[in-house]
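Below: a set of structures, written as structure tokens.
Two complexes are shown next, each including chain A; its partner changes from chain B in the first to chain C in the second.
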Partner chain A sequence: MPYAFTGKWLRVDLSTGSIRVEEVAEEVYREYLGGRGLVAYILFRELKPRVDPLSPNNKLVFATSIITGVPVPGVNRIVVGAKSPLTGTYCESEAGGYFAPELKYTGFDVVIIEGKSEKPVYLWIKDGRAELREAKHLWGKLTRDATDEIRRELGEPLARVACIGPAGEKLVKFANIVFDYRYAAGRGGLGAVMGFKMLKAVVVRATKRSVQFYDEKKLVELARWFYENWRKQPGAVSRSTYGTAELVTPLNKDGTLPTLNFRGGSFELADEISGEALNKTILVNRSTCFACAIRCKPDVKAKHPYETDPAYGGPEYETIAAFGSLCGVSDLNAIAYANQICNAHGVDTISAGVVVAFAIELFERGIISERDTDGLNLRFGDSEAVLRLLNMIVKREGFGDILAEGVKRASEIIGRGAEKYAIHVKGREAPMHEPRGKVGVGLAYALSPIGADHLQSPHDPSFERVAEHLVALGITRPVKRLDLDYNKIRAVYYGMLWWSLLDCLGICKFTFAPHSAGVYTPNHLVEVVNAATGWNTSLWTLLKAGERALNLARAFNAREGFSSKDDTLPERFFEELEFGARRGQRIARGEFTKALRLFYEIAGWDSEGRPTPAKLYELGLDYAVREIYGDKS
Partner chain B sequence: MTVVVRFYGALREIISEKLELDIPSSGVPLIDLFSEILRKYPALGEYIRVNERGVEVRGVTILVNGRHVVFLGGDKAVIRSGDVIDVLPPLHGG
Partner chain C sequence: MIRVKVKYIPELIKSITGTSEEEITLGEDATLRSLLETIARTHGEKLEEWIFNSKRELSGNILLVVNGEITFNLERKLQDEDTVVLTIPFNGG
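After this line comes the complex of A and B, so read on.
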């Protein structure tokens, strides 16, 4: 048996109830590593083009990586993928916590879910064995209740549980998968895929570790180095003290805190929703993920009338901004409550916040009225209305049923010019990073194979300060934040390959540079991989795997009919910011289009944004050439 | 005659939260002000440098009274008594 991975994939057909174990060659791991790489490999090869995401023919993949389970901070993320019901694109999403190492330790690197069950079930995996169990009694339950019930009936209080809430069962298009109450994967609606398949949960438990690592002593040494050095990295202590909520104050002052549905970049009540305010008012503890010292996750207990359960965690930056500044809400208790509704019902907090802000703007502009909203009077800053609307969305009640389709589809249903206020890329709601102040982020939003996403490439300020980490990637010249020239495009491209690699390996971007708290360098990563596997790999080979995964995801989208017309930004980002420190700033459309074209050429993509046959051959993806271009290419 | 310079996030790990600096009544160019700050706090040189090209920011953002210096003349901006300057750390994803 190889080191570091089991070479075993579990394939579960919910239509027939069959479960089988497949042995997979080491060569596949060498080329795809895990995570995003394996998800893209499986989805591209096994899904027929144009498959309906909410049909038995879609597949749901849970993937670990070749280094999952090593005792190194940040190497703990589970990657889940399927064709997205929200966007129709390739989709993968990552969650931290403890699920991924536990799954690997049970003896399986990957779980592939196929078909559709006739009745609710859950998948129970323990120490190399797997079975489907009835879940009728769990259907309709909130994520915490379902998780507790599963642990109780199995007599396994230490089991790790990935489950959907009622929103996934009701096929809310941005329903997610919630791990152990609080870690979420599922931007793009993976929870709806699970709900369609009638799969309430995937539960894992390992009483022994079924994989060995090649050089355990070296891995412990690398972990110790992190523990001894992480506090010296600028920003790491702040990240540990405030979590990602540390971003609220500086982004607000910077004019890039998305506010009132992205109309402006500063929120006058930002101090009330800042990391400092959260620590002073509702924080009760900080939690962490497997083997990580940073402890960036907040546990909160909000106060009357929005009491929350700390087990559900607490709002992180994206959630604070999505339900705070974006909706004009300054009540941290209400934001924490919104976070809990999302985790309990199982929906993505970013998409949910954007959908609510979109509806409020439509209401304030008179495009919709109380006749459309079932009597709800929607105003920015009205936390009670925000929570009521959120409850309607997660339950698909009344007007909430339309918004549960996501902002793009909802705007098409509403019509009357609503599309102009729907802030998304490829149907996926924009995260809480204002591209008019970070243009490289805008580029990454447009080019991301999964739709708007803030974790596709390092953000522009990273490139102004050329640190050792960037030099290792070949980025040796500082690039100004608002530049959109060939230097920026090159930096974003290299950054995208690096971050694609991190997603292949299931790694948190807060521990590996370039990031404010990114302690390890790229060369450390090579050491981790070699110590885990016994391979003698290189940074070049690993980056090629990141590039391979990115190109395969793009090829998947090309096969689905996505093209350069979809690689764009919402109209609003080409218009001036209405208020805040960057008032008047916009992205110049001509410059942006030119940048996209140059990016395509640098990446080896054609004028439609498809990886060229030459690029695919270079990456060893000859099967993708045949699929995209036919046999004559 | 004083100005207040405030620092945020990671920058507070190498410099205090707030500095109050005396300046001439006629005001002071931004470049001179940061030369003085860097003389006292050389560790800030990781993020801000002053050289023949002017004030070179490395991931950080400088605001004067809530507006970006780029909108106020950049290096040539003249800082006057009572102005408040905010220096923001590199802003990444969350």
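After this line comes the complex of A and C, so read on.
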């Protein structure tokens, strides 16, 4: 057996109940590494084009990586993928916590779920064995209740549980998968895929570690280096002290805190929802992920009338902005409660917040009225109305049933010009980063194979100063945040390959440079991979794997019919910010379109945004050439 | 003498300085470097470690904004009534 991975994949067919173990060659791991790489590899090769995401033919993949399970901070993320019911694109989403190492230790690197069960089931994996168990009694349960019940009936309090809530069962298009109450593979509707398949949960437990690493001493040394050095970096200390909520204040001052459905970039009540405010009011503890010293995850206890259960965790920056500034809400208790509703019912907090803000704007503009909303009077800043609407969405009740389709479909159903206020790319709601103040983020939103996403490439401030870690990635010139010239495109592209690599390896982007909280450098990563596997690989080879995964995901979308017309931004980002520190700022459409074209050429993509045959051949993806261009190329 | 307004944006830095804003009086030929030396002396070793690297250059952890413009030039001369913002180059999450 090779070091660091088991070479075994578990394939579960829910239609027949069959469970098979497949042995996979080391070569596949060399080329795809894990995570995003393996998800793209499996989905591209195994899904027929145009398959309905909510049909037995879609597949759901849980993937670890070649380094999952090493005792190194940041290496802990499980990558889950399927064709997205929200966007119709390739989709993968990552969650931190403890599930990924536990799965690897059971003896399987990857789990592939196929077909559809006739009745609710869950998958139980322990120490190299797997079985499907009945889950009728769990169907309809909130994530915490289902998780507790599963652990109790298995007599396994230490089992790690990935489960869906009622929203996934009701096929809410942005339903997510919740791990151990609080970590989420949040985006793209993977919970709905699981709900359609009638799979309530995947549960893992390892009583011994089934993999060996090549140089365990070196791995401990690398971990120790992190533990000894992270306090020297204020970005990491800030993340540890305030969590991701640290971002509220600086982004607000910068004019890039999405506010009132992206109309403006500063929120007058931002101080009330800041990291400092969270620490002073509702924070009770901080939690962490496997082997990580930073402990950035908040545990909160909100106050009357919004009492929350700390087990569900607390709101991250994205959630605070999505239900806070974006909806005009300044009550942290209400935001924490919204976070709990999302985690308990199993929906993505970003999409949910954007959908609610969209509905409020429609209401305030008179496009919809109380006749549409089942009597609900929607106003920015009205936390009670926000929570009532959220409850209707997660339960698909009344008007909530339309919003549960996501902003794109909801705007098409509503009509009356509602599309203009639906802030999404490829049907996926934009996250809480304002591209009018960070144009490289706008490029990444447009080009991301999964739709608008803030974790595709480092954000523009990362490139304003050339530091050692950027030089290691080949970025040698400083680039200003509003520049959109070839230097910016190059930086975003190289950054995209780097972050694609981190998704292949299941790594938290906050622990590695160039993130402000990042402690490790790119060269540390090479050391981790070599110490884990015994390979003698290089940063070049690893970045190529990141590039391979990105191109395969783009190729998947090209095969589905996505093209350059889909690589764009919502209209609003080409209009001026209405208020805030960057009032009047907009993205120039012509310049942006020109930048996208140049990006295509730099990446080796054609004018439709498809990877060219030459690029695919260069990456060893000859099977993708045949699929997209036929045998003639 | 010149007076410079200094703003501390991240909560982490505010927690060390104890304030989000202060006015600092410097000599006529003051530079960004002399301002940062003054801040480091006033607010202690922790902040000093974060501002400067071992070569006494600006560390990669701190972003300086003078009158709305990002700068890395510590020898830049300061003028009366300049506003200097000390922040961390936050980049998403």
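Couple of notes before you dig in:
Quick note on the criterion: the second predicted complex is superposed on the first by the 631 of 633 C-alpha atoms of A that agree within 3 Å, B and C clash if a C-alpha of one lies under 4 Å from a C-alpha of the other, contacts with A are read in each partner's own complex, and residues count from 1 in each chain.
Just so we're on the same page, contacts are C-beta pairs under 8 Å (C-beta built on N, C-alpha and C of every residue); 3 or more make two chains touch, one makes a residue touch a chain.
Small disclaimer: the values here were computed from a predicted structure and weren't measured.
Aligning the two structures on chain A places chain B and chain C in a clash.
With both structures placed on the common chain, the touch criterion links A:Glu419 to neither chain B nor chain C. Contact with chain B, but none with chain C, is seen for A:Arg582 once the two complexes are overlaid on the shared chain.
Of the two partner chains placed by the overlay, only chain B lies in contact with A:Gly255; chain C stays clear of it. Residue contacts after overlaying the shared chain place A:Thr241 against chain C, while chain B stays out of touching range.
Once chain A of one complex is fitted onto chain A of the other, the partner contacts of A:Glu216 are absent, as it touches neither chain B nor chain C.
Using the contact criterion defined above for the overlaid structures, shared-chain residue A:Glu276 touches chain C, although it does not reach chain B. In the superposed pair of complexes, A:Glu149 makes contact with neither chain B nor chain C.
Within the superposed three-chain model, A:Arg465 lies in touch with chain B and with chain C [touch as defined at top]. Across the two superposed structures, the residue set of chain A contacted by chain B and also by chain C is 234-235, 237-238, 244, 246-247, 249-251, 253, 316-318, 433, 441, 454-455, 458-459, 461-462, 464-465, 509, 515-516. Touching chain B in their complex are the following residues of chain A: 234-235, 237-238, 244, 246-247, 249-251, 253-256, 316-318, 431-433, 438, 441, 454-455, 458-459, 461-462, 464-466, 478, 481, 509, 515-516, 581-582, 584.
By the touch criterion stated above, chain B contacts chain A in their complex at residues 8-14, 46-47, 57-61, 63, 66-68, 71, 86, 88-94. Those residues of chain A that touch chain C in the complex are listed here as 232-235, 237-238, 241-242, 244, 246-247, 249-251, 253, 274-276, 316-318, 433, 441, 454-455, 458-462, 464-465, 467-468, 480, 509-510, 514-517.
Residues of chain C that touch chain A in their complex: 9-15, 49-50, 60-63, 70, 72, 87-93.
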